[in-house]
Every structure is written in structure tokens, then in C-alpha cells.
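What follows is a short report on a single structure.
Chain naming follows the written order as A, B, C, D, E and F, and within any one chain the residues start at number 1.
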């Protein structure tokens, strides 16, 4: 029996997803991604050269940072810059985004170049990290295309070896549900973020029992559901990049 | 003789200015303001109550913070949260925005309530602080309207005693020019930010000789030019708030 | 065909695991846990009362922190206290340990009391976070027993609703392997940490493709292997606590 | 009608100003400046060479820092070193002092040398930033003279292209007043700091409406008054440096 | 045979010591103390009341902080506020000064009041911590006198149970020497700071072998020499406070 | 008349002292030292090369850091890494340990190599700094032996010019006592830490009057008692290193 969700969708349906490519004029690649009311600005900054400790190895570097505007959330959060430190959750998500994108990048093909991904949440309604990964892939692809046009990377280099997208799944009111919004996430018994490639292989699986621990079978069901959602997201990425 | 500006406008003309009211679903008031390619997201967070040291005085509190996304600029800046401290320029601008808005707020009419303004630069092309003040006024007005609807502030309270907007002026290539973009700002001999009210009175004047020091007459010309621009900005604010 | 591992064990075997209960004289509960050469000192500090924001709700609080001594590792790391900030990895692991232990604690049964878990790595050879969780459970159980003897918690309270332990698994040289040491972990294609209860239910699953992405089937195999290992760890916990 | 001021002076008169040149034995240039009870120790540290990012450009570097002793004020302030961060006001004033001095320095004439200005408030009674600029100019001049004697800078180099001094003005009790002390500053409706050169040209104008916004005419009156005061200050600087 | 010292004094003679009482108009007690070219501004801030954790115990609180202006030294040091942390040496000296003064204060006689001592080095030439303690005692005595006049402390309260002063001694060129200046300190084989009371009893002895370790007899000689010097300093304190 | 001490020992007797050499597998030298219930893990990290500012001078570098695990103490302390700064006491002790070890190291014999000592308190019951110095000497000696075997230091180099150990002494209940535990330390009138060499010469003497100031004679008695204790500690070090 289907979960009754606030916006009328059923358990296996994504929220409305849009990716506005090239939103920023300054960045080499950029995308404003929305998963329902969640809105994340993703930029990819291409910098010829690598940090000193990587020089001379013929290999590149991709890293990511995540942040939330103070009033992206329902009640205002203190600014991390003002608090003078990056919080644990921010650190954790930045690292996840970086690993996810690196999983589809060939460093030798990138050559001695650096790409810094920034994902900043303008409005939060659950799923900010999965939206960030999904949008960042588009920004990354555009930055690489830019670098080829500028001659920083050879035209034929296969820098991207696959696509990558991410979605959250969870057990809400006893049933598996796809792409949780903030309210669903707050009440989920189990909460999982899945990152996978265009070919349907897993890059990251992070599942947490918020209430009841879960069985191996439930894990399997959730992963299946997530892979379905990611397949749809990859289609949206392809359409966006083809436009 | 008019300065030839990159976008065809003359010395006394603003860039295209737009204010998208209610851009954020979470904040009590919000506006996405653009001065040409400069884009700033302004939110106003209304919180019943005041900090402890203000309690029992029947008076409110308005404060502001400013930030830039790392890739809002031409080349990526390090994130202040990562550096672990707020830079001098950020501090300076946050304080300017706060003072500017407080100049048109009646604390007794606001009552024991707090409004926190956040202005985050999504894309920077000069004039971010003046765009921030101009947009923040709209967000502030909407947050106050919200508070009246919710009964936190009496319907008839005259919380806003005037309007406020801001613009930059400068001496570029020897001539006074209005609303400098990044390139013009970088080459200006004198750079000035002016904040004024809807009635045309000055709230802040901050002029700096970047190259040649300037005379008292030049100061007067720049202020006149700024007041013209601010008058136009106030019209745009009025139109936006009337819509 | 079995992976040839440096210490002669096969793919499905844990390293030697020991738990020295009551290692610290000062803490209410403590354990020095070893997984092979990995050695983690776990203490549980029981404090009557809860933070102010929890008062009057009849519910307790369990939190955890993780740290590494600077020379626990092969080459010396800078001290986080000296750097003035907690790193992303440390944050991430502290949060994981806290969530894992909270999954088996009944807050209402704990009452308005706080338990702070500290897990400090004295020597690191892979699997520090899983050793930390496994040892911390023993320290936690002892701190609760202490609190019952002191009368802070009723003798019959069922504060612990299950046991909890954790292990790492990974795909090394193409095959699933249990309880990776540092060398194996560095070369693993996929690296997963699994936290589960004494009843064999999952609390956390965190899998990362370090090299090749992995299939849903591989995920299933790894989880099966981890659950076997955790079952052995829970036996060791039981023996330790019975002694 | 003249404002009745606590110390008997009229609206257009400075407080007693003294500049004790060479107060510090260690610095290349130094001055202890007093504006009434405000006392600021200014030192100029000459360092041959420039920061790495400036090397090879034949150009120098002048920068400034400002601080207050914790009990320079009426009630003790926390030490910024103890708080672990520089506050917004401190940042703002440091930047102002640096810009003001750079306005009269020719970098090519200075050559590849660095001068760091420190201005530390020993006792505060309003006008600390303007006293700091006025005293720092003397310290700067002496450091340059020292560098010429030592041969770091050619004897004939015209490093200083003008003099620079600063004063505060404000509208107090409805009338323009020069060089506000702490009590006057606290009650001023408009508060302005003006920095100008020995030739009477403006380097910085920073006016803020603390109470009522001000008209363009009031701005003009205040600037006139400030320029008068600065002219007197420059005379005192000249006398000091001639002694 | 006497050590030939740069300024002609012999081994057992202090540098010229002056204490300018009441140097600061804002602090309840203050003194500008000089030991030769070392100059330290000491202020004592009296605050009725104690920190929350001391309330209701009828007892007071005395604490101290130490700082150096960036160009108090021969070559400029970075500002601790800018570095964002207090260094180890600063911490160590602040704690020493606080302990030294507390040794002569009766908390019950002080009542529930707080005195914060600030000692800021304006010019450094060795012995800054001993000058700071010696001057701070005068500032402290004046702050207590002020508090009695204001009625915060009963007129007859014996808050100060003794006097306290401090001096450095060391083995320089093989011989014990009193009150080392910076050059002597840099070459001393053993360096010792001694704090003692007006009655000649020891409060702190901190001796360090910079080069050769020292014997128990040498320790005894150094302490004797220090007690002589402190006796002279206490005379100067008495004369200052009697004026 | 002898002080009655909690553990039956008399005033002139050390607690049980053990030094477990080679406790850590990763460090070049290590020792787990116990003074009664005080337990400190000491590691010495040998790194070929010196910091840049020392290069080319043919001289080495030895430094030390001290830390306490949060629950090494009776009630849990906050972690310094979490607070984001190293406290004054920690700084002070780190510096003392570093100076003490450097006093017996010949830098020219060490050559251009760095040794970093880490001393981390696993359990605290008074005397942690003296245990740390005593244990660190053993770790240091082993790291130097390792460096000779590896060829980083010539076999015949006399890097260690003496032994070094440390002990606390104090006046407890009116009588001198050796090696204070936490309870004794808390009630001591005078508290002194003494560091001396194998030959019985003093390296550091740090005495503090916690209650009554002390006379020069009392100082002498305490130093005598400490030198006796240190002589015993050096014997234990020799036995440990000979094993």
C-alpha cells in the first residue's frame, strides 16, 4: 500500500527535478539544481596546475566543498564562518561529494589540473547532499568541456569515465520511499543515501537506522529503489547536457 | 563628454536592476536582487524576542551579515568558514548593511523582536554591498509585514520610518560615473558608496581615493550623482513591494 | 580461492581481538580494545543530569568523541588541538560512534543522565572506528552498571536494548575480506564499515568505492561477511562482560 | 551659537594635540600621539624586502594594524588575542589606516621594501583612528628617513608624495563640531571621519548617520570643518618632524 | 671579580627602576613601570561581583593577562590577535603574574569582587615579566584603595596581606648577575625568575638551565641575590604608594 | 615525624614506578611510564631533516608536546581539539618537557635531524609532567638508537650528553614530601617540580607557594629531597634501557 506523501507523489517517485545549466557567469561550469524545494547552486572551478605536493606526477585533483546559507533552512542557522569552524555534518557531506565525483574522473586523463566543486544550499527541504552530487556532475562536465575548448585538456581526453548521481531513500511509516523531503526525513526509521553511476554501479551506500535497526533484506529493497531513482536522474543529466 | 562604458550605458545610468521578491520559501522576507551581473540573495529572519541583554526594554534588534559564495567571483576565493575566520572586508560590509537598515527602523515600534538580515552574493560584478542594502530593504519590509500578519507586531506600528537604498559612484577615466561594475571599480581613481533614504537624506557616505586624492567639489558631484541613482532604486523598491 | 593475508589468516577471519575491561581507574566504564595492532582506549563518563536544553523531558543523552594520538600512526600527524580544529575525518567518525551506541540505548530508561564516550586511538593499524564502537559498548555497559549501583538509574531499568559491534569489510585483490588492516585498507577497491546489533540487525552501512564501483550483489556479499564477523565480536563482548 | 563643550573649547577647536616623536627605542620610526585624553602609540617597522607575491616588481608594501589595550577604555574589554579573533571594528580601522598612509606613499620610490605600521591605543577617549593616522604619518616619515640613512632607500627618493592627517567631525546637539571626544561621539547624530593630505585634498570620507540622516549641505559643512582641523594637524606634524 | 655590564652597573645592581603611578585615567589602578629600557603598562580593573561559579561564597577573584605590543621587541612580532591564538609563552607569563599577585591577596577580605590585572609590554629589553609583577602590585594596591573609597570593600579590610615584587637573576659569563637585560638574558647559562614578598619569603622560583645545568649551591646564590633585589624593589613600591 | 600517606609510603619514598619500553609499534622510540596511578604514553618520532629555517647549520631539533585524554582525570575535561585551542597549562608543560630533554641533547651530534616527543596522559593522579619527562627520556634514547641503526646518525655520535628525569616535591601538612599524588598535590602549601640530570645537576626548578610563601631553607630541603628521588628514577631508566 502506497505511502500518502504530502505532495501527492507515490513512494517510488522523485520530486520535481530541474537542473539549470550555466547559472553562474563566472564559473567554468555551473548548475542550479532543484529537487522539489531543495535548491543547490553548484559551481566547478577549473584551475590549470595542481597543488605543490602533486606536481610532476601527470595527475589531476578534484575536490568539493558544501555549505548552507544561514537561512536556507526553516529556522536560521549560525554562519559557520562566524562560528569560526566547519561543523561535523558539513565536513562529512563535503567529503562525500568529493569522493562521489572522483569516482567517475580519470586523473591521468585530466592531467595536471585542479577542479574545485562548490555546492551551496540556497534552500533546504531534505536531500541537499544528493541534489548537490547530481548537480555537481553537470557543472563538472561543463568545466571539463570548457577546459578542452581552452586547450588545457586535450580534446579527445576521456576525463569522465561514467556519470554519477545520488538520491536518498528511507523507510517511512514502515515502507520504503524514494527522495525524502525534510518532513519525511525527520520521521524516517531508516535513512540512506546512495550514489551510483550511469551504468548502475554503486559508488557510496550510507544507511543509518534512525529508529529501528534494519534487516539485510530491507537494505536490498532500499538499494533497488535508489538505483531506479538514480537512473531517472541520469536521464535528466543527459538531457540537460545535450541541450 | 560621456564615458564609454562596456555595456553602452552613459555615466549617469544604472545597470539593469531587478528585485525578485519572495525568492526563498523559508525566510519571512526575501529578495534576489540584481544590479547587472551582480546577484545577491537577501533574507530577513524574524524572531520573536530579543537577546538577553536587551530584554525588558521594549525595544527590538536588527542586525546583518554578508557573505560571498566562493565562486561568486572571477577567480575562486577560499571559503571563510574553512579559513576559520571572517575577513576584514566581510566584517566591514556586514556592519555597513546593518547600520544602513537600522537607520530606517524604529526600535520601539518593532517591539521586543529581532530581525536578522543575511545577504549572500551569488554572483559578483561590482557593487555587491549596495545591491545587498537595496535588496535587504525589500526583504526587511516583507518580514515586518509577515510579523504584523502573525500578530508579533501591531498592525498599525510604524516600524519603517523611511526607505533606504544604496549605490556606488566613482571617478572613472576622469569623470564621475554611477553604479560601477567590477572592471570600472578596479580602475576608478575614487570610489564611493552612498546610502540614502527615500526622502533623499544621507545615511552613509564612504569615499576612498584609490589613486588621486579628490577635492571637496568632486565629492559634491559624486554625492549628487549617487542621490539621483538612489532615487531610481527607491522607485524600483516601491514598485516591487506594491506588486 | 582465499586471499593470502600478511598474518596468515583467511578472508573470513578476524584479527586477534582482545578487550581489557576496566583499564582506566577514573572512568565509570572503560575498555582497552585491540583488533590486531589497532589499539583504542574507550571510556564512558557518566554524569547525572542532562544539558540545559534537555531538562525536564525525562530523557538522557549519549554522545561520543574520537581522537588519535599524534604518533598512533606510521608517520606522525599534527595534533588537532595544536591545529586548532577538528578535522573532517575525526568529525565523521565521532558522529558514527555516537549514532551507533545511541541505537541500542533507551533514553527514557536512562532517565535524565548523560554518558560521554571517548575513544582514543593509541595505535592505528586499520579499523580504528570499528574497534572503537566495539570497545565503547563494553565501557558503556559498565558505566550503566555503575550508575545502577550508585542509584542514579533504577536497578531494573532496561537502558541497553541490544548489543552493538562493528567491523570493516572490503574487496581486496578482487575478493571480499573481513577486518582489513592498514595495508589491506589502502589497497581495497571497496571499503565498507558495518555496525550491527547482537540480534544481527543493521545499524549503519557505509560502503565506498575506492577504485571500481561495486554491484548490488557485491554489497550483499560484503554485508553477509560483516554480519558473521560482528556475531563473533558480540560473543567476545559477552564473555568480557561476564568475567 | 557655540556648543558648550566639556573642556571649554568651542566647536571649531581641536583638543590639545601632542606628538612625542621617537617614543620607542626599538622601532625604526615611532610616535606617541595624544588628542586630549586619547593616547595612541604608533610604530613603523621597516623591513628590507617584500612578501613573496610582490617580488621582482620593484615596488614596496605598506600595511597597518590597529589594536586597543583591554583597559584603554572606560570599562575593560576582552583581549582579542584571548577571544581568538580580530573584531569587525578593529579590522575596519586597520584597513582605513593602511589605505590612508598608502595614499601618500610612492611604491616605486620605496622600492622593494615593506613598512608595517602598528597603532595601539593606550588610552581611549574618542577619535582613536584619527589620532592613529595622524601619529602614524610621523612614525612613517621617520622610518623612511632611517631607511635612507641605512642605504635601504636612495637618499633622494621621493617616497612620501604628500602629508596625511585625519580628524573626526560630527553634528552634536544640532551643530557641527570638530574632534569629538568619547562623550560627544556617543551622542552625535552624525559622525564623520575625514582623512586629507597636506594640500587639502580628501583621501577618505566616512560619514554615518547615528540618529537623523543628514543632508548634502550638512555633509559639506562637516567636510569644511574637518579640512580646517586637518590643516592644523599637518602644521603640528611639520613642527614635530622639524624638531 | 665583577662582570662588566653594558651600562656600567655591577652584578648586584638593578637597572634604573621607575614606577609612574596612575598613568591611565580610565583604570581603577595603574602604573607604568620601567626596568631600564623595559616598559610595561599595568592596569587593575575593579569589578564588583564575581563570575557566576563563585557567587555566594563570600570570596573574590584576581586574575592577570600579559601581552606584548608587536613592535615592543627588536624585530616585529606578529600580533597574537591576528594569529588567532595566545602563544605558550604568553600563557605561561599570564599565569605566573596571576599566581604571584594572588599570593598576597586575602580573598575573604576582598569579598565578592573581581580584579583583572592587565600588563602590556610597550618596550621590551629583558625582564618584562618581573617588571610586570612589580608594577602590577602598585596598580592592584590603588584599585583596592579606590574600591574602599567607593564603598565596594570595607575601609578596614586587610585585602593585601603582604607586598610582592619580582626580579630575574642568572649566571652570565660564569657569575651570578641581577636583573638581566635582553642581551645578558640571551647569553645566560642559567636564567631564573624569583617572586618574593615584602617580608622576604618566596612565592615563585623558576630556574632554567639554558646552557650548563646548575648545582644546588648555585641555586642558593642566585636566590640570595634575587632576594636582595626584591628588597630594593619593595622599597620603591612603598615610596611610590606613599607619594 | 613522618607524614601518613594514603598508600603507606613515607615522605621520602616514590610511588611504584614502572617504564614499559617499546609500547608503541609505530614510533621509533616509546615508553609507557607509570608513577603510581599516573600513566603517560611517551613516543619519540625521528624525522631525518630539520625545519626550513634550520637547514644548512648542521644542527638538529628536539621538541615536545603534552596532552591529556579527556577522561584521564577524575571528572571529564573538554577536549582541547574540540575547544579549538591549547590551554595555558598544556602549553606550559609542553615547553617544560621540551627544555628538559634539550638540556641533555647535543644538537651538533644529532646532526640535521628532528625528534618530536609526544607525551599523552592516559591516566592522571598527580605528577604527570614529571612522569612524562622521565618516560620521554627512555623514548628519546631508543629513537636515537634506532637512528644510529638506520644510519641517520653516526654510530659513535654522543647525542645524549647526560640522562634526565624529574620529580615533584612539596610541603604537605607542614612537611616536605616526595612525588605527590593528586590528593597531596591539591592540599600542598608549596608545590615544586624539579628536573635534574644523571649527574645530579639541576635543569629546572619550578616552585610555587600555593598557600604560605616559603623560606630559602625550605627551598633547599625540597631540592635535596627531589635530587634523591631523581637519583632513583635515573637508576630505573638505566635498568630499563639495559634490558
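What to note about this one:
The rule we apply is simple: contacts are C-beta pairs under 8 Å (C-beta built on N, C-alpha and C of every residue); 3 or more make two chains touch, one makes a residue touch a chain.
A quick map from chain label to UniProt name: A, B, C, D, E, F = Ribonuclease PH.
What you see is a predicted model, and the numbers here were worked out from it, not measured in a lab.
Common neighbours of subunit A and subunit F (chains touching each): C. Distance between chain centres (mean CA atoms), subunit A to subunit D: 50 Å. In this assembly, the C-alpha centroid of subunit C lies 59 Å from the C-alpha centroid of subunit D. In terms of their C-alpha centroids, the spacing between subunit B and subunit D amounts to 28 Å. Contacts with at least two other chains are made by residues 84-86 of subunit D. Annotation: chains form a contact ring; the order from subunit A, going to subunit C first, is A, C, F, E, D, B.
Taken together, the subunit D residues at the contact with subunit B in this complex read 85-89, 91-92, 94-95, 99, 103, 162, 192, 196-197, 199, 201-209, 212-216, 219-220, 223-224, 227.
By the touch criterion stated above, subunit A contacts subunit B in their complex at residues 24-27, 30, 37, 41, 43, 45, 47, 65, 67, 69-76, 79-86, 90, 116, 118, 120, 122-125.
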